[in-house]
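One structure coming up, written as structure tokens, with questions to follow.
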Amino acid sequence: MAADHPRTATLLMHCPDQPGVVAAVTRFLAGHGANIVDLDQHVDRADGVFFMRVRWELEGFTLDAGAFSQAFQTTIADPFQAVWQLHDNARPLRMALFVSKMSHCLYDLLSRWQSGEWRVEIPLIISNHDTLRPVAEQFGIPFHCFPISADNRADQEAAEVELLTRHEVDLVVLARYMQIVGPTLIDAFPQRIINIHHSFLPAFAGARPYHAAHARGVKIIGATSHYVTLDLDAGPIIEQDVTRITHRDSVKALVRKGQDLEKLVLARGIWAHLQRQTLVYQNRTIVFS
Amino acid sequence: MAADHPRTATLLMHCPDQPGVVAAVTRFLAGHGANIVDLDQHVDRADGVFFMRVRWELEGFTLDAGAFSQAFQTTIADPFQAVWQLHDNARPLRMALFVSKMSHCLYDLLSRWQSGEWRVEIPLIISNHDTLRPVAEQFGIPFHCFPISADNRADQEAAEVELLTRHEVDLVVLARYMQIVGPTLIDAFPQRIINIHHSFLPAFAGARPYHAAHARGVKIIGATSHYVTLDLDAGPIIEQDVTRITHRDSVKALVRKGQDLEKLVLARGIWAHLQRQTLVYQNRTIVFS
Amino acid sequence: MAADHPRTATLLMHCPDQPGVVAAVTRFLAGHGANIVDLDQHVDRADGVFFMRVRWELEGFTLDAGAFSQAFQTTIADPFQAVWQLHDNARPLRMALFVSKMSHCLYDLLSRWQSGEWRVEIPLIISNHDTLRPVAEQFGIPFHCFPISADNRADQEAAEVELLTRHEVDLVVLARYMQIVGPTLIDAFPQRIINIHHSFLPAFAGARPYHAAHARGVKIIGATSHYVTLDLDAGPIIEQDVTRITHRDSVKALVRKGQDLEKLVLARGIWAHLQRQTLVYQNRTIVFS
Amino acid sequence: MAADHPRTATLLMHCPDQPGVVAAVTRFLAGHGANIVDLDQHVDRADGVFFMRVRWELEGFTLDAGAFSQAFQTTIADPFQAVWQLHDNARPLRMALFVSKMSHCLYDLLSRWQSGEWRVEIPLIISNHDTLRPVAEQFGIPFHCFPISADNRADQEAAEVELLTRHEVDLVVLARYMQIVGPTLIDAFPQRIINIHHSFLPAFAGARPYHAAHARGVKIIGATSHYVTLDLDAGPIIEQDVTRITHRDSVKALVRKGQDLEKLVLARGIWAHLQRQTLVYQNRTIVFS
């Protein structure tokens, strides 16, 4: 992601499965001077859907965004009934972090940003508590507190959406934000809100998953990053990972071991989104390689 | 487990947590000439229960099973309110296998037995179908077919129990046995029936877990070996493991990858039982190291 | 792999990286009526090499093997300087197993074959000892014993090659074959001999890796399947996996845990080869997805 | 580790294996009013050595450190030829961090400290470069720069040892400190310097392990935390972990994935030390559970 990298664009698309799609798309791109650097496709035979991600160098490519849109729609999207997105990878995404009282994911994400590991902008942090304001200040990020209750959720979320929109936020990350997110926020950022849930979903959805895991006596615990939908803890999964536990591990030990998983699984989920590797279809996430 | 190993005995016990248990037990054993080769203890602070596994060499030990029982009960079990089991490790366990139509776990277990990897006896294989009779014959193990329906389950299980008892079976292994096991069989072998379930429990309990995992879009699948209780797929878990999948994996691919997990997780669960490393308490399994 | 699957062909190719390769190949295939079912490509930027695997349905494809060869060579391979292989997936591969005295990998592979999990033919088993003849007989596979010493290696391998060639063997699998393989055999089956090494290569190459791992005090052990080259344990790696151990594990315990890894890692390596997913370049293996 | 936890002490010991050790130690502790909360023992049969870790509540225990030392030496250590350490767990350890230019491990450790996840004190950070001074300042920890060359190593290390001693440092952590550590520092902190090496040791010891892993074409990379000895990258291993890679991963991608491993494996190694779970014997580390 260094500044001297060649500028690239990424196309994500899906359409009904049919012969000739790859040939048509690659011929289209080559015909306008694209040097393809990544191409990954997938066919879901059960659903009859074709998925593709292509990334190419912009140097020598003869279409700008507007011209691409018109030409691609006519030449490819219309005849193949394709749904598509185009991303210019030169522009860093703008990511807002939502937190509550636990700091481990927040520290992890801020460190990746501050060290330059991730090329991303973090214009603001939002919380329903004031607890983590000092961490935000330590890293120099504006911190906004929106206390939420069932009564004021819609209003507070409307204010949050206004703030997020004003800051041109592309992606919302719920970094152990312990509040239900309602339709106001979700509708404003469809497939652009990533949550970390502290269990191996669909096991132990809902509250207090470490307590539930301990009570059930499982031998492995997990964490799951997923896009947020109106259905709690049921959105499209981006990434999961697990760690082994034993009968010796108290709930407190599960929390400690689990927090390391949460940091990692959330970071990997965000990374996949930043790289434009994800495409949601029917509540499942294609993660291109 | 070679024949020239020193003969050992294993004691498994639990009692209310209280000072002095380890001291009392180890003094008792040392006082009768035991050379302890393994000792592992665990205290569940939430429940206030103490668990211990001790293994010692029988050479030089001055108590036989009867004398041990009387002395241990008086000296330790009564004052400490302990529940205990004593096992003479010289005697190989006798294990019955229950199968249906899928052979992967059956082959794996028979290979471990035939190659001498496990010191265990397999006096018989029971199935609700005739499909795998040739595999049993190939390995020279008697095969008994008991077709089961909801109507005849209790009667067939009674016949199975009679057969298992006659063969002095210690442990029943459900090696992808696709039939509900009822109280007749379960009551006859409490905490001595091990099942392999083809998911990461409690996720995807019940039928067709690979289909359910595919539909949910998880990124990891698992398998679980557990003791069988009347509550379907909810018995005490012995061992679990997982493997990573991607959006490319069809249900068929999940089945293929999952079968390797099933073999491994079932084998590890059985191994822990054979080594007398497991102790069930309150629907959870302590697996001593 | 069921018989009613549509017949497919797989093309593996690599060439100097240059614009337009994917477009040219997919246009070539589409132009002759191919319905592409899988396409995976990879560009090694450091070496400037382009790799591709394409699989398509043969129904409706207008070129037979001979016509394909001529047309593809002229249209694609010559202008792009591509090296390529074409495989008709209808023909099951013929796999010979080499073993010594340990049976765990042998049982595992024979079970996958006999149960129909793998669509492969096993015309013969070769060993430098007579120990495992009964296992071969139990599964009904011809067993040939070639005792090997440094003195007679070249002669014995020449006899083995003659036998393998007569049986039209495509792939040789060293399933814990504890003998050095010499140039006679390797030259006859370039990139078609798969070995399982019982360590996480390059750690603990050579003899007695479990002893070495125990002495070093590692906390994880592994296994590696790789193509065999003249450089011992240094051939292109296909697959690796690991398992966690502790200070409690004796060398004997490492062997026991490691054997489960060996079975799994060898099976996955063979599976990738059978699916024509592997392409060797510069001592590394591309494993297409 | 909350302040309201009962105060405990931890004893680590080893001695020649012999009957009656556990009985003698537990009787000794019970005789002075100890309530044992953890006991883990291990016998290395190959070397004939017995290892034990015991932790007990200090409330009601009748010996202070001085009295314990005298009584334990006479009653246990002398007759059993035991080597032992006693730790009062009430005192937080004091940990110094050594860094160079990479910040990922530093951020991770400082976050665990600042959030209170770890009960540890970090009196200072030492570096051979000035690069990470701003991170130290951001977290309010004194930062000392000691540029090192082959010529001045012994002198600079002597100055570092003086500084560490003055700050009563218990544990030195090399958090991606890219300098060879010499005998001056190592002799001052025997088995109290923990390093993170960015490979799965013993594979890829020395410089540039990610480049070496890429060149070898491994399918898994790892990280190793270990106590530092004079033998480079060959000290007793505390913890290792791995992550899967593919042919798609460039050296840059290995570095990115590996850094997450490094953070985790270093943190786990330090945690085990802080919990007094580690005991080094013959270049291997016992990690008690």
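Points to keep in mind about this one:
Note that the chains are named A, B, C and D in the order they appear, and that numbering of residues resets to 1 at the start of each chain.
Note that a contact is a pair of C-beta atoms (placed from the backbone, for glycine too) under 8 Å apart; a residue touches a chain by one contact, two chains touch by 3 or more.
Molecules present, by chain and UniProt name: A, B, C, D = Formyltetrahydrofolate deformylase.
Computed from a prediction, not measured in an experiment: that's the story for all the values here.
Looking at A-D alongside A-B, one finds more C-beta pairs in contact between the chains of A-B. If each chain is reduced to the centroid of its CA atoms, subunit A and subunit D end up 36 Å from each other. Subunit A and subunit B have CA centres that are 42 Å apart.
With touch defined as above, residues shared between interfaces to two or more other chains in subunit B number as follows: 246, 248, 289. Viewed as a network of touching protein chains, the structure reduces to a complete graph with every chain in contact with every other. Remark: subunit D residues 103-104, 107-108, 111, 114-115, 117, 138-139, 246, 248, 256, 259-260, 264, 267, 289 touch subunit A in the complex. By the touch criterion stated above, subunit D contacts subunit C in their complex at residues 42, 44-46, 200-204, 216-220, 222, 236-242, 246-248, 250-251, 283-287, 289. Against subunit C, in their complex, subunit A makes its touches with residues 19-20, 22-23, 26-27, 29-30, 34-41, 43, 244, 289.
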